[in-house]
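Look at the two complexes coming up: chain A is in both, with chain B in one and chain C in the other.
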Partner chain A sequence: MQYWLRRWLFTTNHKDVGLLYFFTSLYFGIVGAILALLMRTQLSIPNNALLSAIYYNQAVTMHGLIMVFWFLSPLGIAFANYFVPLQIGASDLAFPRLNAMSYWLFLSGGLLAVISFFVPGGSANAGWTTYQPLATTTFEPGVGPTLVYLGLVLLAASVTLGSVNILVSIAWLRRAGMTLSKLPMFTWFILFTIIAMLFAFPTLIAAFVLASTDRILGTVFFSTTSIQPSILWDNLFWFFGHPEVYIVLLPSFGIIANILPVFTGRPLAAKNAILVATALIVVPLSFGVWMHHMFLTGIPVSLQGAFSIATIAISIPFDVITLSFVESLIRGRVRFVTPMLFALGGVVLFIIGGIMGVFLSSPVLDRVLRGSYFVVSHFHYVMVGAAIFGIFAGIYYWLPRMTGRMYNERLGKIHFVISFVGFNILYFPMSFLFDMPRRVFTYQNIGNWAMLNGLASVGAFVFAGAQIILAANLLHTWFRGPIAPANPWASEDLEWTSSVPHITPAAEMDVSPPPGGWIGQLVGPPLAAYPALAAHSAISGTPSHSLDAAEAHAGHLSTRPIELSVGAMVFLFGAAFYPAMLSYAAMGIGGIIVVYTLIGWARDDLAEKFVVPSEPEGDRWPFSAVPKLKLGMWVFLSSEVVLFGSFLGAYIFIRAASPAWPTGIHDIPLGTLNTLVLVSSGFTMVMGLQAIRAGNQSGLLKWLAGTFVLGAIFMGVKVSEWINLGASGLTLSAAVPGWSLAASAYYVIVGLHGAHVTAGLLMMIYLMKKTSSGAYTRDSHEAIENFGLYWAFVDIVWCFVFPLFYLL
Partner chain B sequence: MRNSVVVVVWAYMIAAVLTEVESFYTIANVTVLDSVVSLLAASQAVAIVLFFMHLKDEPGSIRLFALIPIMFLSALFIAMLASLG
Partner chain C sequence: MHTGLFSALPPTTATYDFLFNWYLFFGVGAAVVVISLLTFFMIRYRARGEADRPIHHKTEGWKIVLVTVMISLTILTVAEYQTFASFGNIEVPNDPNAVHIGVVAFQWGWNFTYPNGKYMLNNLTVPEGRTVILNITSKDVFHSFGIPFLAEKEDAIPGRVNQLWFEIPAGTQVPVDAIRCYELCGVGHAFMIANLTVVSQSSWDKWMGGG
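After this line comes the complex of A and B, so read on.
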């Protein structure tokens, strides 16, 4: 295989993965924009028949989903991938293969979503919020929506892995002297974003797993009418959905906060106040305002009041941030270059959108405005305007670092002016459409509706057209841009000033950028062509993660991330078609690829084929005493707490709402015995750890084997219970009131726990193999300790599942 | 951590599970049963986190991190049930 192809398919390098995220997000952005233009064309005149209702609904649904999940969020992650390691002085992220897998899962999820347009019945059409039961097969039939929802599950899994990786990297890979107080603002805001992602996305996984099992397996979480399924969905979706607003917004604010000091020539005003406000109010409170999206659902007035106050409160830290930005501008000597113009534009658009949001925090006004275009205007000003203008600022700001070349300033400014004008022509008229329902595919000419909609549609084409200028500027920079100085903005941040080899700019290295710029190293063996870089890499003595260091890079490639992601995608593609024949074939192929990859991954590790370069000890406070992998495991498990908590929360909701619930269906003595077996496996696991801490390898092997046997017994009993329960009538299609719902909850939630136990058993086989080869010693047994954490967590989950399902 | 501590924690886990089941058979009042069983389940979780996951030996930053999802989930549970009216 050609080197360039191997590199882009198998890379684990943070810059490469960052670029992959960047260009893939742009691709999805184009798809989302085309859908938006279709919608705006349809709405440009009254009574338009360009799109039928169903096509319009598909366009609006997929526009929202693609833009939020596959364009706006990942663009921030693209920059995080590329620049966080550079800003903290690390040579890569903490877990490079995990990083690559995050990207491929993201792409796989997106492909599933896009493929949905080409299956019979078309794509999802119930709106991007996929409100239930509107999005059940009764009202939204077909395979297409299922593909989209499974794509979202893959995306959420990708985000969780990525969050763990970036968080551990920021905590653990900062170079010496990079204390938290010196952390650049972009990295700080990425940290805040990651924390929000870590705890928000598991709820999205839970929501879409429940929705998907309804569509595929026939569970009845949202199709039953007895438990207010719409309220259940709203809670799960918006508990994720509101933090998502900040997940989209914060990277952009990070970019703006990062570049304001550069272009105003003075330190950011009230920097610490911004950090404190964001850390202590924005992130926690973002999980405490979701019910303002539910004011119209009939929730108690007391709840409406509480969430109204919380919603107003969350505007306070944003006031702090905005005022800080404004003060920085007033006191500084502003350089109006393109990145700064976009940063200013982002702040202005955020202020407009934020002011509109304050109105919506009032339950009374919300009742009037919620279903109107006023809301569309508000959230586009915030989520698109502020977010995307900040991202554009980042693109222009860091383009010289990514390409080694300068962009065309005149084109950049034209891009800004047309974008800003186009954006406001598009969305400002919508704020006057507070009397027009927003979920209609066409409309009568009432009042100014036709004029305002026509204006908005013109703005849409102007705004979209402006992005052609961005594309032209990117291409011009890439191929013909003048060589960029080492630090064109005179920034003091590490990504511009460090002499770490992989971030050494072209000018500093005394080599010209290669044809096509540094970003354009798509073909050929570049290192040999650039002797200075090769020499530098040799001197440094460490595997370079440079885009240019082909030989060193080759040892950093891994086929496993893409293989695993493709396997998962094929499996889920098949699952969407269940029970058609194609379904079994695709699930079989996907399953085989996943198993093959997992075995290969384990073999790679046993043979130490993939070596993550060791990082010199830097500033790791407040996690100095925690090893990297262990920190990763704790972070991962904390997101798992939210995942299982969401499932169990849904179960408790269902139990509380359900008027009838089957009793006496479980074999309590057998369930008790099985619980004691699992609890005991937790004990044997800890004893294994105690053994290896004492240097007793054979003891470890025996305790691990004991744990494995107990875990296997637990799963065996579980399977027999499932068979017996099915035979006794606890089925998804049971006619007795409450039984089908009880069966849905039991099989899905207990099944998910069983999947975790099974994954643990597979990991134990690997650990036992390594133990038998003497890999673990008294001083080196981190994997055992980390697996012990996982296994104990599985125990904890069962401590709640057993009483909830068997006893209460 | 001494092995004896591990054995004691394990013994507590066994006892707690058996007490849960005993409560199921003996406590007729649903509210009391719910409370007793919930407390026992929570105590088992705490015991596992502190002793089997060694959280008691971890630095404060990890302890704090372990608490964050509990805080968010508490909000979700309370508001979710309250939204039923």
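After this line comes the complex of A and C, so read on.
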């Protein structure tokens, strides 16, 4: 296979993956922008007939989903991938293969979403908020929407893996001296973003798993009117959805906070106030304001008041951030280069959008503003204005670092001016359209609707046109730009000063342009052909790369992430078509690829084929005592808590709302016995752990085998229970009131726990194989410790599932 | 909000207008002040030469931030107070004389059921000068029932009844297509429009009684 193809498909290097994220999200951004231009063209005049309602609804839905999930958020993650390790002085992220896996899952999910346009019936059309029951097959039939929702599940999985990875990296891979007080602001804000992601996205997974099983398997979560499924969906979606707004915004704030001091020549004002306000108010409180999206759903007035106060309260830390940004200019020396212009522009747009948000925090004002173009204006000021302008600032700021070349300053300034003007022509008129419903595909000429909409459409084309300048400048920089100085902005951050070279040796698989140009590297001979450049990389201040080049070369590529992601994508693609013939074929192929990859991955590890260079002991406070993998497991399990919490919360909601429910269908003595079996397997696992801590390998093997047998018995009993329940009438299509709902909840949620147990059994096979080869010793048995955590978690979850489903 | 030139405002509209203008005044004020400051500092402290001014190296500047935050906290607290004082708009009054009308949203239209058992499609007729309470639900998907000129809106949700109220004084000019759906509900969303007709008390009584 061609060198460059192997490199880009199998890379695990954080810079490579960062660039993959960067270009892929720009691609999705173009798709989303085309959809937006279609909408603005349709709305440019009243009674326009360019797009029919169904096409418009698809455009409006997919524009939102693609822009939020596959453009804005991943663009921030692209920079996080590339620059967080550089800023903290690490040679890579904590789990390089997991990082590649995040990227490929993100792309796979996005491809499923985009493919949906080309299947009969077209794509999702129930709005990006996917309000139920509009998004059930009754009202939104077809395979396309299902593909989109499954794509979202893949995306959310990608985000969870990525969050674990970046969080552990920031906690554990800071080089010596990089104490928390010295951490650059961008890295701080990525940390905040990641924490919000970790706890928000599991709820998104839960929501779209329930929606997808409704569409594919015929569960009835959102088609049972008696339980008010709209309210169930609103709670799940907005519990995720509001933190998501900050997830999109915070990376941009991080960039602005990071580069303001660089271009004012003075320190950031009230830096610690910003950090404290964001960490202690923005992130936690973002999970406590979701009901302000539900003021009109009939929730009690007292609850509306409470959530209104919470929403007002969350604007205070944003005041702190904005005002300190403004104060940071005082007595500085403000340099008006393109990144600074975009940063300041982003702050201005955030002020406007944020103040509009204060209007929306009032339940009384919401009686006019909700569902109107005022809302559209508000969130575009925040999510396009503040978020994208900050990201653009980051692009210009770091472009010299990513390419080794300088962008064209004049083009950059023109890009800023036209973007800023076009943006305001586009979104400011919308704030006056507070009586026009959003998401209508056409409108009559009432009041000044035609004039305001026409203006907005003009602005849309101006704003979009400005991005052609950005594209031109990017291409110019990459291929023709003058060679940039090592630290063109005189920044004090490590990614500039540590002089990790633009060109790194082939062994590291970085992408950076050799003198022949980037394209030359892409299609030309491998980087190893540039020995002079490779030698150039031995620079002080970076972690040493003492690995032999050839060995590292082999060690840094992995085919597994892309294989596993493709397998998952093919499987879900098939699942969307269930029960068509094609479906079985695709699910079969996808399943085979996944199994093949998992076995391959395990074999890679048994053979220790993939080498992660060991990091020198750095600054790990406050996690110095926690091993890297264990920290990762803890972080992962905390997101799992939210995942199961969301499912169980949904179950409790359904249970409380449903007027009828089957009773006495579960074999409680058998269930209790089975619970004891699982709990004892937790006990045997602890015994195994004790054995290896004492260095007793055969003891570990015996106890692991015991745990495996108990786990297998548990699953066996489970399967027999399912067969009996199905036979006794607990089916998805049961006619007795409440039964189909109970069946849906039982099979999906208990099934999810079963899947976790099964995954544990598979892991145990691997661990037993590795134990029997003598790989674990008294001092080195991290995998066993981590599996012990996982297994204990699975046991504990069952202790919640069992009473809720069997006894209640 | 637009209403008749010489008539009294509907009470919900009056409350809304007051509150909206209050938010608007302080919102625009805050935006103008902060953006002006940013622009001023940006220009005042622009880089002229390389070493024109010694760089200010004070690391913390939290006092100014604290003061400005106290100001915005005060404004926001009063704003929240004003909102709470306007909760009459969203709390349905306990008026024994109120007219109750059922609203059932469907794909794509509104079905209004009156106290005399009659129903009308896409036309809500109410008596002037009386409290009207709408009991809103949906027979299929999530809709949102909004009357912008009365500053009232409530979601129409299957399996659930939500209430809103208003009162329209005599002589109020009602805009055409006063009622719209404000939540995407399928391909007919743009056309989910209804008319609001206000009739005198006497013709209302006649219609109610006359059958």
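Everything below uses one rule, namely that the second predicted complex is superposed on the first by the 759 of 808 C-alpha atoms of A that agree within 3 Å, B and C clash if a C-alpha of one lies under 4 Å from a C-alpha of the other, contacts with A are read in each partner's own complex, and residues count from 1 in each chain.
FYI, a residue touches a chain if its C-beta (ideal position, glycine included) is under 8 Å from a C-beta of that chain, and two chains touch if they have at least 3 such contacts.
A quick note: this is a predicted structure, and the numbers were derived from the prediction, not measured.
Chain A has more of its residues touched by C than by the other of chain B and chain C. When the two structures are aligned on the shared chain, A:685 is found in touch with chain B, with no touch to chain C. Residue contacts after overlaying the shared chain place A:439 against chain C, while chain B stays out of touching range.
Residue contacts after overlaying the shared chain place A:217 against neither chain B nor chain C. Of the two partner chains, chain B and chain C are each touched by A:298. Looking at the shared chain after the overlay, A:228 reaches both chain B and chain C.
Legend: residue contacts after superposition of the two complexes on their common chain; A:411 is shown touching neither chain B nor chain C. Contacts of chain A with chain B, set against its contacts with chain C after fitting on chain A, overlap at residues 228, 231, 297-298. Those residues of chain B that touch chain A in the shared complex are 1, 3, 6-7, 9-10, 13-14, 17-18, 20-21, 23-24, 33-34, 37-38, 40-41, 44-45, 48-49, 51-53, 58-62, 65-66, 68-73, 75-77, 79-85. For chain A in complex with chain C, the touching residues are 52-54, 57, 60, 126-127, 131-134, 139, 225-231, 264-267, 269-273, 296-298, 301, 304-305, 308-309, 312, 315-316, 319-320, 322-336, 344, 347-348, 351-352, 355-356, 358-359, 362-368, 370-372, 434-435, 437-444, 446.
Listed in rising order, the residues of chain A touching chain B in the complex are 195, 199, 203, 228, 231-232, 234-235, 239, 284, 287-288, 290-291, 294, 297-300, 302-303, 307, 622-626, 631, 634-635, 638-639, 641-642, 645-646, 649, 652-653, 656-657, 668, 672, 675-676, 679-680, 682-683, 685-687, 690, 788-789, 792-793, 795-796, 799-800, 802-803, 807-808. Per the touch definition, chain C reaches chain A in the complex via residues 1, 15-16, 19-20, 23, 27-28, 30-31, 34-35, 37-38, 41-42, 45-47, 52-53, 55-62, 64-66, 68-69, 72-73, 76-77, 79-80, 83-84, 86-87, 89-91, 107, 140-142, 144, 146, 148-149, 151-155, 157-163, 177, 180-190.
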